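Data first, discussion second: the structure below is written as structure tokens.
Residue numbering begins at 1 within each chain, and the chains themselves are lettered A, B, C and D in the order written.
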């Protein structure tokens, strides 16, 4: 739930002065931002820039979820982490870096995997959710938790030289399941370990994702809902796609939902909720 | 008889890997008795463009789950999906959803 | 000049493994990247994400130019800096943060303003230039130095809720002066101090700018030359603009150039090369 | 006689601040003897849309330095600049160059 709207301190006014002068944000937008909380699911290639720009902008509280530790092959894209933090849980490493940038933001690390048993409570404890995860089961889990908790979901993904961004479950628009009622066959899913990713591509998608979160949390309005942004880094080209409306027959956000509690998403997707191994049946 | 149709087909998000890594295909569908719809197009792609492992692209008479189809930059669901009647110079995109972060 | 192409160490292969597997980059692209040097002019809202992602990607050497010190009102967008570095020169603060992310990259801070007396040598010492500056005279100075030294220029700018990106002086394309032969009247120029800027907007432009630099430095090819990218954060919309070709009558890159050495750009523009005060005649 | 023309005009990069902060203007140019070119359009904008301080937008018979003009997403230099003959439904953008970082 949003916190109380405390007035801006003199130091806050100095710190945020360059965005306070924007009529589209202003003091009221900044107050809404600092009264809001955002759950960042995944502190990797997307989560790092998302959390970095949300902390810099003065979001009130950031929940940072990641079960993994920092590894050397993360550092080409996960820019909040450092060589000195190799082996440290990513959520803790991120929280610590963000504290140095903006000590006014409360950064809460959750060193755990989002799961059907903890997701709903975590999502309920925040106003907006940024899906920065790296696997199919978590994408469905985050979506369903957002629908059940009634929270807007800003979702981005990146692989190789491409990225995708959309806002789900916001202002009557579709949810992730409206677009993708069935999970993809596990053998068609490529992860960053197998397919690779140019580090700056999640950087671009993550900053765009942070913008959409800021617009929702500050009340500037997110125009990305009902549309998807596709990015092709090789061509340097963006494409704006008009998406279908909410599906009244959607299993989770439809008029007669069959999914009314969180499920077993690894079973639903036939794959494991880690980036490390592709499909359960390969284990 | 429906006249031949020129289409730009695009594949992305990894779907291009089923088409020799080529993202853009300028194709001409031959004239046929009935007008071309997307259902026919999928059959034509399977028979003429798809090199291997068709199950990674089509499933039944539609695309496999996780592929988003865009007709002139709009979600095909808005256009009638499989029943959409293709027009000359249409741009049809098949994009695999990404899940990486 | 590019350095020698040293083979990748075992640790480098681990660190960059996620991008080494990309056929578009591969080992040869990574070697070109690590053999290349980039001059980042300005360590502010654009320069921070640019330098961050270039260092993460493994550019060989980064020259970081900025005459200013870190101030509190920078931290809402200049994400390499920290509260503990308030008062520290930005170039030094940035170099120090980048060293923690990737100690394999040589980061050289230049705690000075780019000027007609030092620009040409600095530009000559690097392979690609990223203009992340914040004022009109520096934009013309960087452009002319790039043309005289024959270096590609990746130029971005951001203000309020908008951003612009273009690649100049590359593969026979236009230079900045081809597009803007005359500087704007000083009274029409707004800076970030007066106009404000939403912090994540330079974040988006800076990551896109880093991508174009990486594509040029690694030989992946920059498709952005001859075109300009416009971004409107309120609408969340990108626009790709087709630009004019090189102007054979351009004063600096034309067939008969009149600008054959660097000039006095503050006089040419009628304004000062700092973000702080708008026009010389107002002083 | 040239028929009336419907145009979408857009202002950005700060140029919109000279037009009450409104970025998009759907306008109709009246019919006139000669076809409408961009030179005429600038006069029309100055007389009909521009609220104050025209010197921040026009200089002589062209736009002031630092404003980029785009006709249907192409630099106007590619289209003939002031002499380009406007077509019905054209999109004309006036964008101030940004210098901030």
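Here, a residue touches a chain if its C-beta (ideal position, glycine included) is under 8 Å from a C-beta of that chain, and two chains touch if they have at least 3 such contacts.
If you're wondering where the values come from, they're calculated on a predicted model, not measured in any experiment.
S.K.: Counting in whole Å, what is the centre-to-centre distance of chain A and chain D, each centre being its mean C-alpha position?
M.R.: 40
S.K.: I'd like to verify one number: the distance from the centre of chain C to the centre of chain D, where each centre is the average of its C-alpha atoms, in whole angstrom.
M.R.: Going by mean C-alpha positions, chain C sits 30 Å from chain D.
S.K.: Of all residues in chain D, which are in touch with two or more distinct other chains?
M.R.: In chain D, nothing touches at least two other chains.
S.K.: For chain A, jot down the residues that touch at least 2 other chains.
M.R.: 160, 192, 195, 197, 240
S.K.: So that we know how the chains sit together, what is the shape of their touch graph: line, ring, star, complete or other?
M.R.: Contact pattern: an open line, chains touching in sequence.
S.K.: Per the touch rule above, enumerate the chain pairs that touch, sorted by label.
M.R.: Every touching chain pair, ordered by label, is A-B, A-C, C-D.
S.K.: Over in the complex, which chain A residues touch chain C? Could you list them?
M.R.: Checking each residue of chain A against chain C gives 11, 14-22, 24-25, 49, 52-53, 56-58, 72-73, 75-77, 79, 81-84, 100-103, 160-161, 192-201, 203-204, 207-208, 210-212, 214-215, 220, 222-224, 229, 233-238, 240.
S.K.: Touching residues of chain A toward chain B in the complex: what are they?
M.R.: So the residues of chain A touching chain B come out as 42, 44-47, 132-136, 139, 156-160, 162-164, 179-185, 187-192, 195, 197, 202, 228, 230, 232, 239-244, 275.
S.K.: In the complex formed with chain C, which residues of chain D make contact?
M.R.: Within the complex, chain D contacts chain C at residues 12-14, 55-56, 64-68, 70, 73-75, 77-78, 95-101.
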